[in-house]
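Quick heads-up: structures coming right below.
Next come two complexes, and both contain chain A; in the first it sits with chain B, in the second with chain C.
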Partner chain A sequence: MTGAIVENRQSADRASAWRGYALVSPAYLWLLLAVFLPLSAMVYFSFLSSNVFDSGSAQFTLGNYLSFIRRPVYPILLWRSVLLGIIVTALCCFIGLFAGLALARALPGRARALVFMLILLPFWTSGLVRVFSWVVVLRTGGVLDSFVNWLVPGAGPTGILYTYTAIVIGLVHAYLPYMIITCYLSALAIDDSILDAARSLGATWPRVFRRVVLPLMLPGLGVGAVLTFVPVVGSFMEPRLLGGRSGTVFGTIIEDQFTAVFNWPLGAALSFIMLAVVLVIMAISAPLLRDRREMLK
Partner chain B sequence: MSSSIRLLGQALVTLVIGFLYLPILVMIAMAFNKSPYYQLPIEWSLRWFNDLLADQRLQEAAVNSVLIATATAVIAGALGTLAALGLARYRFFGRGFLKALLLPPIAIPWVIIGCAMLILAFWTGIGRGLHAILISHVALSLPYAIMVVGSRIAGQGTACEEAAATLGANPRQVALRITLPLIAPGIVAASLFSFATSFDMFVISYFLAAPGQTTLPVEIYASIKEGFTPVINVVSTILILVSFVLAVLISRLHDFGTKQ
Partner chain C sequence: MVSLTRRRFGQFGLAAAATLAAPAYIRRSIAAGDVRMLTWKGMGSDFPDAVEKFRAETGIGVVHDYFTSELEMLTKLRTNPGAYDVALVNFVFVDQAAKQKLIEPLDVSKLTQFQYLQPKLRDSKYTKNGDTYWGVAWTWGSTGIISNTTKIKPTPDSIQALWDPAHAGRVTFRDDPVEAVSWAAIATGQDMNFPADLKLVKEKLLALKPQIQTFWKSSGECEQMFAAETVDISPMWSGSAGRMRKRDIPVDYFAPKEGGIGWFDTLAVAAGTSNQEGALKFIDYLQSPEFFIGWDERGGAPAPANLETQKQLPDDSFNKTVLGDPKHFESLIFMEDLGDEKRQEYLDLWEDVKATFG
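Take a look at the complex of A and B:
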């Protein structure tokens, strides 16, 4: 009896495995053709001496990767992008940590649901449109200038658009919702009794925050930081529209290779250098976050 | 928590909401401002809406955007549902690996994926254009669609299906009469999500757009770079409103961690 069931199960398992493969294959075939194959082609491309469809014959070369070292402008611009990523991520962490905490702890239930919805909404709107809204606000003679001059007559234009500050403002605006949501979720998970215990044992609020709340919110901060840092380092549209001539970063250099200079192999190599640097930075910062969590134990 | 800290927290949340919404509200207000130089105080007018009605290029791009987003919603919704069912209901070799494969399309910066697709589009000879944009939009929506439908399936369990099978329903009947209706809200949410992803996608469309075959975000970007065209305020306002309506619809069908 039992043996028959087991045997039955095994053949059923095999049949069900095939049914599983059949169900997932259309989606994964699509992903393979549209994402993974292009990425592989790009890896191959990054080792070519020229666009294959231009010259017909292209040699294998490391030159595209080496030109990153040979021309100091590339490391400098990559550093600019990484720094931009660090600044924007730090600002988002700082604001998002407290905003997420406040959202989870300081708002009554009904208001909380509404505010959560409001923070989720920008998430759905076009990033391009939100950057454009800052162009409208920040441009010389724009709304901010009018407001400042109404407050302080004769203050003149603020001239924020087409500066580094404008890029940072736009990017923080773009990625802050991610950080607030991940911080909010980990703040919700903090058990009230832990806070009560810490308080009743005589810890002051700042101490409770530093020793209990902060370590418990690190996972949320970490996820938010990754969700912010990676796209910011790769950004090109925001620096271009908000930074103008001062908005040259690594992302815009890559974009130029593909849309203006048409040196696709170099663009491909620079892309993978960027990806590698991003991965290394994340690998370095991951244990940092984990070690901090140990503090609670 | 003491009430002063609570008050401070509420003030912070208010400030953050203001920061997130003020520029968008300003932009929407400027869509109705008669002055092309965004002069204050606002003189209300619908002249930029009329300009949009006369702008052939933006209208064509808008039609393209809607068509591609609709096709993306249908294809990603269907393939995503199948894959989610396969991943959730069947045990097979490589299942964990396939789940992990959903992450790179989300995690790799779009500029890199866009460039990669551009390379392949030229290499294979299919070239740039609306077809390439559609292929890429479906690919980028798929991981989200699979996850959204997957979480709905995970929340349902298999009790109803087992009961139906016990009562003599054949697999086809179980699939169409039980499974599908149960996970339908997840499928609709995934499709709407895919529509929104495609409708708002700029970076990848930008690399794959061809002259005369563009989407609305690509046209908006071109216009912003050319200079300040107030018509873009109108288009952006419409885009924002469409997104908001979609977001509210989706949140009705699927809660992304809003409820504990």
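Take a look at the complex of A and C:
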């Protein structure tokens, strides 16, 4: 009797497991097709001595990866990109944290929907359009310049287009919505009674923020940071269009390999080196986030 | 809701088959004696009125197919032998196309306009091998310098203007390794295509740092900068310079006295054509003043290689007022096919330079 029940349960488990596989298989198939295949094609390219498209004589080589060490310009520019990623992510964290909190806990439903809409609105336009609108705002004689000179007559030209600041502004604007959304979701999940408990035990608001709110929002910040940091390190459009002569970063170097000299193998190799560095940085920072969360327990 | 009836399905199938088998559609036009032309989109010859006029004159129709890069042009000729009659081939690629037997030797005796073509282009080493012509020079243009006429007076005539401290922070530069090396080579008095002293080239480019405000990649970006007056001087393509003048952006365009960069496009007969006669007739028509002046008036035409056409252009045409000056043409140095290795070398050099600008 019991044996039959166990057997039944086992077969039911098996059936539900199979159902699970069947349900997730389209997603995995899609990942295989859309992510894994193109990526492995690029891995293959990165070990070739020359472009497979124009000559059949391509050979296996490590030269593309070694050129990262041979040419000092590559590590220098990768470091510049990582630094840019850190600055932009830090700014996004700071703004996104407070924006997400305000959105989740300070705004009534109607206003919240409206503000949420305003945050998402830039997402529905193309990235290129967003960058070019920053060009119009930031250039000398542009919107910002006109405004400053209207406010303070005789302030002189204040265009900041084609500077490092312009790159940071453009990138923060581009990726802030991710951070706000993830922080908003974290903030929404904070139980009011926890805050009440902290307050009734005598904690001041700053202390509540530091010891209760911040740790509870770490998951949101963490996800937002990953979503921001990775694309910013690889960005090339914003630096090129907003950064002027200081707009040369690792992303633009990779772009050059693909578009200026059609050296796909080198471009692919540089991309994977960047990917590896980004993964290492995330592996180092992951425990940082986990430990802080355990602090709360 | 649209139901998928069998008839509808049949139509859908037909449409899908037509999309997949584009060469079949092109092949079908052989019977009609049409000329099949392979070119850039919007390069004059596909303008409906121009095609109609040719049909009215000769009874021959024209079907166009397009490429988006010179490499694609070569690939299309290679993989579809006999699918095209005429191809637009940039001068740098004529020799390569001839060696790979993608184009045929030309019977120039059939071309009535041939005698009027600029001899330096017509008989250049790029288009003529021994006594055989492989491409007929059709249009040409230059890369020179544009400067804002209200900010920089008088308009300079030297490439050194880009390095002039008076224009510090007001220069923009095309972000292109080959062009950057070319300009620096010209500015240091070296061979434009293969400068002997690359160290000198690099030093010259490094000296641009205080001058440059930003780089551009598409000519549209550069036009914007000049329209908004964020920059005063830049290297520029003649075609875009003409367009900017048409838009009343206050710029002058000149080829530096040390040398400007020249290019030209040729028309060639595709190998394996079954309609050589029609092909040559169409090439001759595209060379004629009646076709070219119409194109120039519509806008977007580079300069004509046909000197007779050049003379008959309207007096306010950029191709006449600026490019029509024989001195401009004389100062041009033409590009060479560098090969992958040189291109990579120039890119490496250019990246080293740009990295120090940050």
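Just so we're on the same page, the second predicted complex is superposed on the first by the 261 of 297 C-alpha atoms of A that agree within 3 Å, B and C clash if a C-alpha of one lies under 4 Å from a C-alpha of the other, contacts with A are read in each partner's own complex, and residues count from 1 in each chain.
Rule of thumb we're sticking to: contacts are C-beta pairs under 8 Å (C-beta built on N, C-alpha and C of every residue); 3 or more make two chains touch, one makes a residue touch a chain.
Quick caveat, the model's predicted, so the values are computed rather than measured.
Peer 1: Report clash or fit for the pair chain B and chain C bound to chain A in the combined superposed model.
Peer 2: Aligned on chain A, chain B and chain C clash with each other.
Peer 1: Where does A:I160 make contact in the superposed view: on chain B (first), on chain C (second), on both, or on neither?
Peer 2: So A:I160 meets neither chain B nor chain C here.
Peer 1: Going by the contact rule stated at the top, is it chain B or chain C that touches a larger number of residues on chain A?
Peer 2: Comparing touch counts on chain A for chain B and chain C gives B.
Peer 1: Just chain B (first), just chain C (second), both, or neither: which does A:G20 touch?
Peer 2: After superposition on chain A, A:G20 lies in contact with chain B alone.
Peer 1: Contact-wise, after the overlay, does A:G141 reach chain B, chain C, both or neither (first, second, both, neither)?
Peer 2: Touch status of A:G141: both partners.
Peer 1: Kindly classify A:A198 by the partners it touches after superposition: chain B alone (first), chain C alone (second), both, or neither?
Peer 2: neither
Peer 1: Contact-wise, after the overlay, does A:L221 reach chain B, chain C, both or neither (first, second, both, neither)?
Peer 2: In the superposition, A:L221 contacts neither chain B nor chain C.
Peer 1: Clash-wise, after the superposition, say which stretch of chain C runs into chain B: 131-139, 167-175, 221-229 or 347-355.
Peer 2: 221-229
Peer 1: Which residues would you name on chain A as touching chain B in one complex and chain C in the other?
Peer 2: 135, 139, 141-142, 240-241.
Peer 1: Within their complex, state which residues of chain A touch chain C.
Peer 2: 50-51, 54, 71, 73, 76-77, 80, 135, 139-142, 159, 161-162, 240-241, 243-248, 253, 256-257, 260-263
Peer 1: Using the touch definition up top, name the residues of chain C that touch chain A in the complex.
Peer 2: Residues 71, 175-177, 209, 212-215, 217, 221, 224, 228-230, 340, 343-344, 347-348, 351-352, 354-355, 357-358.
Peer 1: Using the touch definition from the top, list the residues of chain A that touch chain B in their complex.
Peer 2: Chain A reaches chain B through residues 13, 16-24, 26-28, 30-31, 33-39, 41-42, 45, 52-53, 95, 98-99, 101-103, 105-107, 113, 115-130, 132-137, 139, 141-143, 146, 173, 176-177, 180-181, 185, 188, 205, 230-231, 233-237, 240-241, 251, 254-255, 258-259, 264, 267-268, 271-272, 274-275, 278.
Peer 1: Which residues of chain B touch chain A once you look at their complex with the stated criterion?
Peer 2: Of all residues in chain B, those touching chain A are 1-2, 5-10, 12-13, 16-17, 19-24, 26-27, 30, 37-40, 79-80, 82-83, 85-87, 89-93, 95, 98, 101, 104-105, 107-113, 115-120, 122-123, 135-136, 138-140, 142-143, 146, 196, 199-200, 202-203, 206-207, 217, 220-221, 224-225, 228, 232-233, 236, 239-240, 243-244, 246-247, 250-251, 256-258, 260.
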